[in-house]
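Got some structures for you, see below.
Presented sequentially are two complexes of chain A, the first with chain B as partner and the second with chain C.
Up next, the complex of A and B:
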């Protein structure tokens, strides 16, 4: 190809491009009037993709303009399209001369609930790609979109994470409409508001925010909305994308948004005034703002008895600390503070460690890293191979490492307890950050013993205190202390005693429970004689 | 001034932790022999008065920090000079507290670690905290306050149950009359730790409820004084007068003597943990006051930029102010409290209050007495 022809071609291309752009600008406003042009344009724009079905139809009496139905196979409900669109257009539509065909279609023919009129191409493609059917009419510079979203989707199942013994069994699915319906079924109130937006310049993902008007704080809702609107990214494939783009502080291992698969948990949080962010294509719904203590709460705490829930909360806080500092404390004690251990145990540990050639830190690192590898392998492996992993883990790393004199049995116990503690943390997001912080504490302990650990804890506390989630301090209601909300933190008071919603999160409407809700038996039957006698008579 | 809000409860917690900070470590008021606890209580009442002076002064200018109202009261040059003196006092005090702590750690746990390393680690943590702002420090205070009190009460119960306290050690009360107590109060316990609460003048402007701040502050100082007095009384009860006075860290010795149920012994690590936390708060607050005052005087927009250089100064000062711990203690409990503190913690605030009163005779202060 000669240079000349190339440059000419370039020019032509540029011209074409320019023309196309101009055309585009016009087209984003107006839809062509000729049906054939419309169809051609759709074909061109979608690259003749075979799942885009364009069906040309004629009205019942054969008169009148041609009509075409366009939809994307697989993401639309083909039964609805066949029965209520194509069927009715072919069999029911007649054209009176008085009114334009378009209005007739709109009012009488299309037997579907949600039908909209579209006048520009951008909206047309948005509707088409989200599973709606487009009805084009020859001669009309507009189109109809009929809601026929559907296609294959996973049915509602029990959520894989956050399993409970007592509580509802349904979990979110990948479909945003199913998810919102699961929440709406629980909160049957017109004040449950849902706002939709499309995020992702390429994927155009549906993202909804859901909140209860009057309970959620308006500033927080506004903040969530603004942060979502600010997002400019090509794709949103999971709610984690959103989370990373709207969290308050990027450099922290702690999650400042809560994510859950449980509709009852979302409902509970909405009732506390929080905002749910639901993303199409993932069962994980984000909840904002999230505070630290939330990650130690489980829905079951609220369904079960308060005293037991309180005990479990204490246990979980303990678990969190164990999973952070257990190996560090072991290292500190064996290298710096031997005097802390009772003599007999000290002798036993010293005897075990005699055969081990490494300092405690190296020993701990070997075991921890080995365990992390095991855990990672356990997640990635196909299920059939999984049992092999556990055998290797138990025998080689547990038994053989001790016998080979690489680690001491006490260390194996410590690492095992840490691992179990880590698994027992209710929220995975916090468990995984504890997993990381643990290594920092191990190094601190190996260099400075308990001084290092306590400095680490102070740094951790400073860090946690400095975090905010949508403007709400991360450690509320402990720091800053809000006494009225302490009933749902490390202790869980009975529902009748938790009168207030979280102060910094919910708006004014803060009384949840009526007065005098504390249950009591109808009549005292204890030591009061008259009542006792009366009761006896009743029973005769 | 940064944008921050401190609640009354946070003020209470900070004052408590600040007062307990290093005072609980050292043989406080040990010159008063077995009546040390009494000297502490009397000093506490004096401290209440000093706090009242400072708060009263603050109420004349409820939106201003001390350097600003000093400039207003004394004129630009003199006020700036005085404020500068206070900055140095605060930094010096921070360095002293850091040294107290470093020495304590070296004596009982890290015999071969250099003082510099121990101090530097804590200082880095404090710099990190101050960079995050006073609000964060206050919130960490709320978190650790429960923890410290839990440890303290547990320790108290353990000492009680191990039957270590010998009440005879505390007798005879007022053996040599009131004069030794009065001397100790005037030269020591009035200023250290109670008079030191003057640093909180830097925090008052952030208070959400300025009217009630005085009550809460007085309450906190009172409670901390009672706690210190109890601690000192226990120390003397357990160790006896001689040992308490000679011991570098009487509370540590007391805790080391706990032996309950065969396995609750050697609890010094818990002592260390609570000490690190208390010292962290004391140095943080001094350091914050120094940084914030400097930012005000020199009109620095981002006080966080000052944290590293000033933190380094405090760190080096803490290592170099005394060649040995004995010298350090002597300076601290004798020289500083006899010459430096009365002037800066009592005379000048009184003087300022007098000037403020004269200047504002007509308008009157923002809040009531």
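Up next, the complex of A and C:
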């Protein structure tokens, strides 16, 4: 009892403290009226950082109060500040006595598109730190912020992570505005809505959610909005931060949000009713909700022919299974189910294993771990020494290990196939989870043989069924089965046959293609005949 | 709470993995892969099993150790016992590995043993065992002991059991005096009262002791070699006789198992003047009761090409072809008659006439069942109708004439 009351008291105390602090904050928020105070306060708050430029100015006619322009060098567009702000304040501003200087500045002097009035310090710092210029006026308890965001940024390049043969070549950059513009250029529709928020108590990172009103489901948009608002963290440095904080299930190796560098992919997903989460400072845009089958799709599937896309998707599913169970199947076959492979093959494998001193599991682990080391080294190594890795790797894994009798050639083949299969998975996020699950399957196979593998697959299937992405079951549209959407899963029907948008993801506005869109040759042979007739006449 | 659950799950999972400890795991290097099993009986009346064990290192074109031709591809061990299971277990005293029967594709049964006792007693343990394949092929060691057949090394197919199986399969496909019978088929025929077992024999030419050595396989013409023998006829599971040559081929036709063969017919006074290459064959057997006696009607349809013509004939002429077809029909009919006669003599219904009767007239079959082989089958009259058809005459129509 006493403990309980104590804890309640503590809570009360904390609450009081918090209230007091808030009041204090509010007091400090109001902007000072004296220009010198304002400048001093800014200097004090920013620790006199040298990249914060404070420029005191006099209006053109020398009358009126002093004005100061404050901006952060490097993240703002200095040309715009010079030409449209400082220049016009110095040269154009005249002060009629009838109106306050502040309004004049707002309406007549500042020659920039986006100008806001700010009344408290918090917003002032937000604007300042995002690259906007602040105009302070002596005697006014408010400030103007002019949008002069700019600074150095990477140009639009081809994305490095999702390369296609056919398809647009532009990729997202680190700049959020560039990124949203790339999407807007593709969907020229006022219903493409963009909401902005700042997340991260220290970094104040710009995070935007983008969706098409009327196609995206309102509940899902609301859910995304709420989850983003819920985030309390000091920093957001990459969209991965957001992903980890808003995903449905934390304990899983499978990604429940899709991330991509390709604007066309984001546009395609927005058109299916999904929501894009764009984070400033990273080219990776999150897409929610994501379903399992999405990770086996590539944008190119939609640009190429349907039959080929379907075949490729079958291949990718196969690849996924290979990358999960190939080493496990090797272990199971060589230690439990020798009867399952043809005699000749068994004899060949047995001959290779004859010299190997380890049981199959250890052999497989050695090779898999060696490969993982190589792969990790290959990614982290500086480019100049990168080629050394592949040579050493090829020698160690490919030949020396076999000749030394540590592993059998069959194992090398298995590891190689697994590795290639893993690289061939189109979505990196799923490839990486397959990489991890593989080891689980290897242990299951070493313990129970194929029985263990099947158990593992069942557990995996149950796990996948239990996953949700923003409330949408992960295996949609296979489980729950939605026949109308099966046309874009393992099989990819031609666009004219995919009439419906994903049922659980998009809102009721679900028809995407008109009727009778199947292309066909013109009826009759009139065109051909007329040409032939013409040819005949020409001969005469 | 969730973490607790998760930990609990993790502990259980860990226990399952660690406590079960690779249950029934068998490493490849601990297995003796038995390719063939030969079964005989010795003078004391005990079973002798001869296991042909694959030496993996010597079979597969070795990467390690440079070439695998130093040792023999197979090693043979024998075990003796009062039962098959006993002899197999007892053989472990001579072997450093576990006998692994899942890849045993061949069972060789000694002729003496097959004559002496019903082979169903031998097949029972093999069929009962989970490892043993029911698709293993059964042959009878004709004129020798099963151990001799198992011991001889062969040249082209390094593993002798493979050689035997493949020989049987290909001769069945191209010549048709032999049939391949696997364990499942054999057991089916053994338990069926309306059909008796017929199995191919395998023979050894030359000396066993020479055949055991690697030198045997290093000759272009091995002094000891294995070849497909005659067709063994069984009655009540015991071997009663052998049929071979045209009689055997007639039996295979009657069993509707002939895939291809070559028939020579007499033409314009010359024996074997025209050779008919049979490519397709279908036999229908119907058994009906007529005046209280079974009457068998056999319809054979054959299709084939002219493979050889050594007499000048106008093969463009359809009438000639029709006449040749008539000759072929006569020839096939003769072979079938011979086969029937032999089977009747042995009082063994290897053709399954009993089953056919069972299908067409179950009432009558019930009465005759017990004495079918001994009384009714030998008495049964057969009407044989053969319809041969020449599909093609080959790339040449009229045989060329040598100007003398």
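One rule holds in what follows: the second predicted complex is superposed on the first by the 494 of 540 C-alpha atoms of A that agree within 3 Å, B and C clash if a C-alpha of one lies under 4 Å from a C-alpha of the other, contacts with A are read in each partner's own complex, and residues count from 1 in each chain.
Definition applied: contacts are C-beta pairs under 8 Å (C-beta built on N, C-alpha and C of every residue); 3 or more make two chains touch, one makes a residue touch a chain.
Here the structure is a predicted model, which means the values were calculated and not measured.
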Request  = Examine A:479 and indicate which partner it touches, taking first as chain B and second as chain C; both and neither are also allowed.
outcome  = first
Request  = Pick one for A:405: touches chain B only (first), chain C only (second), both, or neither.
outcome  = second
Message = Just checking: does A:347 make contact with chain B only, chain C only, both, or neither of them? Give me first, second, both or neither.
response = second
Request  = Please work out whether A:245 is in contact with chain B alone, chain C alone, both, or neither, and reply first, second, both or neither.
outcome  = neither
Query = Of chain B and chain C, which one touches more residues of chain A?
reply = C
Query = Given the touch rule stated above, what does A:454 touch, chain B (first), chain C (second), both, or neither?
reply = first
Request  = Considering only touches as defined above, state whether A:355 meets chain B (first), chain C (second), both or neither.
outcome  = second
Inquiry  = Going by the contact rule set out at the top, does A:466 touch chain B (first), chain C (second), both, or neither?
reply    = first
Ask   = So, A:336: does it touch chain B (first), chain C (second), both, or neither?
value = both
Residues on chain A lying within both footprints (that of chain B and that of chain C) = 336, 339, 448-449
Remark   = Per the touch rule above, chain A residues touching chain C in the complex are 251, 334-336, 338-339, 343, 346-356, 359-361, 402-403, 405, 409, 443-444, 446-449
Inquiry  = Per the contact definition, I'd like the list of chain C residues that touch chain A in the complex.
reply    = 6, 16-17, 20-29, 31, 33, 35, 54, 56-57, 59-60, 62-65, 68, 100, 102-103, 105, 131, 133, 159, 162
Task = Quick one: which bits of chain B touch chain A in the complex? Just the residue numbers, please.
result = 7, 9-10, 105, 109-110, 113, 118, 121-122, 125, 128-129, 132-133, 136-144, 263, 266, 269, 272-273, 276-277, 280
Inquiry  = Give the list of chain A residues in touch with chain B in this complex.
reply    = 336-337, 339-340, 342, 448-452, 454-455, 458-459, 461-462, 465-466, 473, 475, 478-481
